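The letters A, B, C and D name the chains in turn, as written, and every chain counts its residues from 1.
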Amino acid sequence: MQTVQRPPLPLRLLRVRPGGLVPIIALLAVLLILVAVRQPDFFAPPSLMSFLGRSAPIILLAAGQYFVIVSGEFDLSVGALVTAQVVVAARLIDSEPAHTWPVVLLLLGFGALVGLVNGLITTRLRVPSFITTLGMLLILLGAVYLWSDGAPKGGLSDEFRRFGRWAFEDVPVLGRVPYALIVLLAFAALAVLVARSDFGRTLIAVGDNPRTAELSGVRVWRHRTIAFVLSGVAAAVAAILIGGYSGVSFQAGAGLEFGAITAVVLGGVALGGGRGSVVGAMLGALSLELLFALMNFYGVSGALRSTVQGAIILLAVAVSAPRSSSR
Amino acid sequence: MRRTIAALAAVTLLGLAGCATDEPAAGPSGSASAAGSGTGEQSKFFVQADYDAELALLDATATGPADRPWEQVLNPKMVETAKFKKAGPHKLCFSNAALNNPWRQVGFKTMQAEVEAQGSRIKEFVHVDAEGKDQKQIADINDLLGKGCDALIVSPNTTATLTPAVTAACKAGLPVIVFDRGVDTPCPVTFINPIGGYGFGHVGAEFVSQRMKPGGKLLALRILPGVDVLETRWSAAKVAFDKAGVDVVGVEFTDGDPAKTKKIVNDYIQRHGTIDGVWMDAGAVAVAAVEAFQDAGKPVPPINGEDQLDFLKLWKDKGLTAIAPTYPTYQWRTPIIAALRILDGQPVSNPWKLPQPTVTQENLDSYLDLDMPPLHYAMCGCTDLPGYPQRWK
Amino acid sequence: MSDPPPVPLLALRGIGKAFLGVRVLDGIDLDVAPGEVHAVVGENGAGKSTLMKIISGVHVPDGGSIEFAGEPRAFRGPRDAQRAGIGMIHQEFTLLPERTVAENVHLGHEPVRRGLVDRRQMLHHTRQLLASIGESALPADARVSRLGIAQQQVVEIAKALALDARLLIMDEPTAALADHEVELLYGLVRRLQQRGIGLLYVSHRLTEVFDLSDRITVLKDGRRMTTLRTADTTADELVRHMVGRELSSYYPDRADPADLGPARLTVRGGGNRKLRDVDLELRGGEVLGVGGLQGSGRSALARAVFGAAPFTTGEVTLDGVPVRLRSPRAAIRAGVAYVTEDRKGEGIVARQSVLDNALLASRAAVAARSGRAARATRIRELLAAVRVRAAGDDQEIRFLSGGNQQKVVLARWLMLSPRILLFDEPTRGIDVGAKSAIHDLVRRLARDGAAVLMISSELPELLGMSDRIIVMRDGRIAGELPAGTTEKDVVALAVGSVEAAA
Amino acid sequence: MRALAFRPTRWAVPGVFVALALTLAIGWLVVLIDGGQLFNQSTTVSLLHVAAGLGLVAVGQTLVILGGSLDLSVAYVVSLSTLVAAETMNGSDGALVPAIGLALTVSAAVGLFNGLLVTRLRINAFIATLGVGLLLKGYLDNGYDGPAGATSPALVQTLGYQRIGPVPLSFLLLVAVAGVVWLALARTRFGHHLVAVGGDPEVARLSGVRNDRVLVTAHVLCSLCAGLAGIYLASRLGSGAPRVGSEGLYDLESIAAVVIGGTALAGGRGGVLGTVGGVLLLASIDAIFNQLEVDAFFKQVIRGVVIIAAVAVYARRALRKGAV
């Protein structure tokens, strides 16, 4: 291959490419500066650690959502899935330590199953994923409320809650390192590996141009279905962390689906598929969490948060992804 | 109208900004800080008279069987109900605002148990769940009117917006009993509820502001805006805090989401180094708030919760400085009792003010029942009802 | 060059256009008289479609002037041109299948009475139009999705005429039509002519051009070679102007029959919805050319072999082994590669990098056991070998020229060192330089033992490259021709002289 | 066969009405067995009231979806409109007309904003309208802590509670609006162009349609319908309610109703008749389950299933048509 007028590396890094990381990193930087101004000790290891720990779930959800969105689909069911998982966990564990691990495995399986169903309905029955997952959202919430007659039953064992709540104490330099953070790092690494794998690369191709992908030997329906499964599993892990962090409640997953989608879009992933990186998606989620913390620090009234969130989204998208079609 | 214009302005401004700068993010937050820090201007739900009345009720002594608080009345004002006298068995209809939280679940189970307890006196009990939608509840009430109910029980989803529907129901001629939240019309035969929001908010606020160190920082956690029961709790607490000169560093809405609660509390501890008192308008997220302090390795400051068992248990185990004003779920028994009395033509009190016990360090043990699920409400007054305890588990 | 007619309906002077710095049109002059059929011919990529899009207001020219009906015009969009009285029939249909004929015909200019669309008027006018072009049988209130291709073409024409166009542009109007349907179009064109409508007729099919046109303008590489009176010229002269024989000398040497391998691919009695009893043998080392008009089943043949639209009848063997290739994936794993005709829609993944595009098939179809590092080096070698010009292999492929995109697609398949390669218009819309490069590649692949099947509607290319040529017609193989055959033989087979006369 | 093949589209009855008829028939039977009565006056009235609210929003949603767009902000537009109307009226009949005018103007403005974001800034409709929704939500949460203003009594008595036999005025309003929109789609240039843009933007452009203008108009009309729904709810609730829209899930339910009605989410296929059918179907399910006192949560499950199933059926049909 002949390389023509290739700019030097630094320039290429700076080049704002749609779907690239530059915009989200910039946004993140701005937020960090704002935090630093208002709350310097936020960067003290303990508080930073706990912040990262508590942000783990939404970051994981964003990673899962990334795979679905980059393949050209939506997953609106993750929020409901998280709620369902937490409530199910509480009822099955019923504060009985021995049940912890079996239930954890069961949750992961359940998440994968829901993803599989989403995927198959979308790809095989050709139902737009927006509808599929919207329906799944209603079904999951309805079913779990029904199953627990409207009020969460049982309780989570401390063993279960440990993942989301406890931390490795007195680690040198860092102080306490939340288990959630470890879990996050592990799964984030996994996500990056998957995204870099042949599957991950071809998945983007599927989102960009399914016809070409099909004619190049990609089993499009299978790829998309797997993407949904990944999202489901991510939701399961997130549910374990959230349940651990804050205990059982029907609010556990409320609104997380939009949070995750927002994060992914902030991260420069194009709705409709074919563009974006999982790292960007996760950074997007991190910025979103940072934004909320920032609003707490600046004492923005709880009521106004959504306005700020909405404005940020519109700005970020208008600036970073001007190419996305109106579909 | 200023609001609307503001809305338009905001929308368009943000629109323009969409292709310009980061301003809008700053814009709203600036104007918000007023509402964010300090207790801000008094809620428009605050009515001095009611406030005084409720606080007076706190020390009033109830008439009625001591062991059955759901049949007791504070300062009864009896009304004639002879015109509603009717031979049983009766068909009772109940338009329920929602079943979407543990409090309402426990309450409704209690109500069903009460119906069962009344046995043959009730031939049918129709229940319609409005799923927290005003417009659905209005339709539901209208629907129930066509079902030949002998009495209509309403637990309104929102005070103001349900008033027209309830008025229409009264016009239909059958006895209407409103409980939990009220309506802006005197037409129901009786309005049943405990002392109410002002009492709840006051008790909690008094306790916290007295126990926290003087000049300390207090964080107020609220569930949602715009629910009158909760609004009155907050407005009463406000009065107490302003009187005690407490520094309220934040008023945040948690949506009853424990995760959100922990994040908020965590950030406030961050921001202010320490929080010396926590007041909340409902117990739902009390446990989460306490955990936030524990996770941050901070001592748990004086705090108020509600009579949910998970909180009471935590309180006992960790020896918190806490109090639990209640909004007793046993009030769900009363409407059934009232309905039957009305249909018997017996006079009932309107308003029917129920006592509103408070869980304190002293009586904590008497309410803490470890056999019941964590989200069960101690004040259910359901121990004597058929199906206890399985029905509530 | 013939002198322009007295009152030109349309007069172009020095029209030029460039895309992303690439000159596609340069100083084009063109006149069309009322009632004249003016054919525009030229190889693919000669700039015909661009010129037509400029006249119909889709593109704005960089230079030159457009004069229509005596007044200078500068169309800002299709709307303007339509209002002015220029109708265009695009290569691909511009119909909404879910809507009725009348709705389609009047899209963008529905008749309105008292603020409401006047359905009766719409139907009435549509029927008039259809009648005026002798198609009154076609129901004006039928949904387009219920019509056959030929009928849809009629609707396209009616649509183009709806704004009582005085000039009608037809860009490959017969492209989608089966042969017998072309007849119907002929009649139509003549009727339009009688109504004094000027026609610009773009086509590959010389027979049509000679049957219909009064004058012929030849474009080549964005320039106007000449304009001739149809009466005074011959197919040979025309072809010379179009391609210039000198190109043929550029084609690589054919395979020596001696070193042709055994049959790699055989098809016996293959058929599906678009193909009937296809018998085919493809030997290692040879380039089998496939001729025929568009819609004759050429692409369908390639897709059938590749498993994209599999054979439903007959059997296929690879290297003597019977196979059922039910999906592209199966075909790829069996060693078949397919370079599609529609590069943008089916060939590339526009927003992905050169590297990702080149690796797509390897990643999708074969396990990465080969070792990803090894694969990376191999693909870089291949990209270098096919001489892709790009600003690094991380550049998005959509920024590359058509030729370079095609090279990347080639590299994608070479990664799998396939036994059988199917090329569908491999050099469509590719500049001359890249063309010959690709030709060389194709030949080299054959020499290395691969069996190549190459579809092309460019006769010189077909003749220049092929060791053997089969010609398709109406889903059948109409006949086979040896190397060194003439264009006439191919065309004769393609249009089926017998039917053409009828 | 041929005659049938050429049957014009607009005469085809959307399949949803078949489903509706079946649902009602079965529901009526089950309720009867349960000892109730589905079609008694009050139930019918309630059903139609529920349908009216959702219907107005869904009819608007149909327009944007037909055009290949989407509007997730309607729920908040509804709430906003109730407040604007109720606060302007402030309990007096005098301000009736200006109040309605203002409410509609505000709604239209939001729609315009949505439309411009989608067309000019080319922001994906999903994220654009989601963002706008959040903007409005923040404004409402911040500006209001509960019902505000008072709807003019006249409006309450008429639009809110007046009915002719079992048919509430509000439902007639829905019928009227649906009729107008149907007319707009079938008999105006805008309608024809909208369907074209939704069906194939490129074809529309080549045919001389001004795509952006059409889409923006669709968004404005969609918000207007939401605003109208808001006015109706204000008259129903007697005051402005800042959370009535989001509590009612008007955003997702309206989209559900539209797709159940057979309009393709991708745009270009479908119509307002189907949407009304979809709304009635959802409302009937509501009513039937009310009668049977079925748990609301179970109802939600059924809803989810119905939505997916309906769209799956349409997808199958489209597939078969493609095959032919």
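The criterion applied here is as follows: a contact is a pair of C-beta atoms (placed from the backbone, for glycine too) under 8 Å apart; a residue touches a chain by one contact, two chains touch by 3 or more.
Because the structure is predicted, anything quoted here is derived from the model rather than measured.
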{"item": "Set of chains adjacent to chain A and to chain C", "value": "D"}
{"item": "Pair of chains joined by more contacts [C-beta pairs], C-D or A-B", "value": "A-B"}
{"item": "Reference chain D; chain at largest CA-centroid distance", "value": "C"}
{"item": "Mean-CA-position distance for chain C and chain B (Å)", "value": "72"}
{"item": "Separation of chain A from chain B, taking each centre as the mean of its C-alpha atoms, in whole Å", "value": "34"}
{"item": "Distance between the centres, which are taken as Cα means, of chain D and chain C, whole angstrom", "value": "45"}
{"item": "Centroid distance [mean C-alpha coordinates] between chain D and chain A, Å", "value": "31"}
{"item": "Sequence positions of chain C contacting 2 or more other chains", "value": "none"}
{"item": "Residues of chain D engaged with two or more neighbouring chains", "value": "117, 121, 132, 135, 138-139, 141-142, 295"}
{"item": "Residue list for chain B, restricted to those that touch at least two other chains", "value": "10, 14, 18-19, 28, 32, 35, 99, 225, 253"}
{"item": "Pairwise chain contacts under the document criterion", "value": "A-B, A-C, A-D, B-D, C-D"}
{"item": "Parts of chain A lying in touch with chain C, wherever the complex brings them together", "value": "1-7, 12, 17, 19, 197-198, 201-202, 204-205, 208-209, 211-219, 274-275"}
{"item": "Complex contact set, residues of chain C against chain D", "value": "58, 77-79, 82-83, 88, 90, 94-100, 103, 106-110, 112, 115-117, 119, 139, 141-143, 145-146, 159"}
{"item": "Contacting residues of chain C [partner chain A, same complex]", "value": "306, 308, 327-329, 332-333, 338, 340, 345-352, 354, 356, 359-361, 363-365, 368, 380, 383-384, 387-393, 396, 412"}
{"item": "Chain B residues within the chain D interface of the complex", "value": "1, 3-4, 6-8, 10-12, 14-15, 18-19, 28, 32, 35, 43-45, 99, 126-129, 131-136, 138-140, 142-147, 158-161, 163-164, 168, 225-228, 231, 253"}
{"item": "In the complex, chain D residues that touch chain C", "value": "5-6, 8-9, 183, 186-189, 191-193, 195-196, 199-200, 202-210, 268-269, 321"}
